[in-house]
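Here you go, one structure.
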């Protein structure tokens, strides 16, 4: 990583490293910087499942990514939830979500309606969490 | 909070605490970590109000949450604004928003169209801000 | 910036500065805090261009803002991509996006459908990146 000199010639401080995991040409599933972890938006493995099964699949994938990043869902900062059909799927998604969130440790959250990359997908969740410093 | 040993047996540094306020099974209205505050997406108290009154209500709720977090709207980093009807409501929402943002201290912002949890809701705003370290 | 006393009378630590660039009444195009940079959602200069040209224009604007913030697209943490017509534009947008992302350095990403401030706009991208400490 480059550590350029500042405009005034003073030495610029070296920045904390960016650590990426599961990186493709398009996205890294996990990006960590200064102890904060950004996960790519997760969708269900089986896009033909119903909203509760899709939500369970999304949360299982998030659990797996958090584990790979060395953390857990007890360390969530923020969640952005996109639903394809918020009028019908808000309540059943919340049922699965609430059961998954550890007691007293819920993240900040926003939930809005949006279509996703494939038309059958019913839910996508983006997470920001805290890791453990090494 | 767990502070596990690293894979190589070295002691892992204790992480800065995550502080949550107004926490339910679903979400915390306020989450703070390392001086950065994440607010849950805020919607209007009265979902039958017009776009300007809904925007005023959302911003009043954000002001109240920022105060509970010990900060103000002079410390905003980022805002994501969802509008139910961006063609009609972008201009009147902006009028209220611009009046609320302190001079010279506007956050980074994105504004897109989306439906929210209840069909009458016209605007939802997610905020990231800076707190004061204790 | 105010550095108020804590509720218990202890001195509160001064916070790292928030640095804003290209600030209007509505938004700052660039906001930096503790080495993390938030860019406002970027849209194409020519809203009548096709999806690939709009994507190229958005990414050129992001490159210019990252340069003004003293960093580059090798330092991306997270990208949120909004497409007006995800069924038709996901693949051609990705082609341009993938070519722009430096090898092995892709950010965490979410991509959903949404309408933007002007009806012709086909893509908007919000970026969080890392700067160089001064």
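Letters are used for the chains, namely A, B and C, taken in the order the chains are written, and counting of residues starts over at 1 for each.
As a working rule, a contact is a pair of C-beta atoms (placed from the backbone, for glycine too) under 8 Å apart; a residue touches a chain by one contact, two chains touch by 3 or more.
Since we're looking at a predicted model, the values are computed, not measured.
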item: Equivalent-chain rotation between chain C and chain B, CA atoms, steps of 5 degrees; value: 120
item: Classification of the chain A:chain C interface as same or different, half of numbers criterion; value: different
item: Distance from chain C to chain A - Cα centre to Cα centre, in angstrom; value: 17
item: Junction residues of chain A - those touching two or more other chains; value: 34, 80, 114, 128
item: Residues of chain A defined as touching chain B within the complex; value: 34-36, 74-80, 86-87, 90, 94, 97-98, 101, 103-114, 128, 130-134
item: Partner chain A, residues of chain B touching it in the complex; value: 1-4, 6, 10, 12-13, 15-16, 18, 20, 23-31, 33-34, 38-41, 80, 82, 114-117, 119, 124, 126, 128
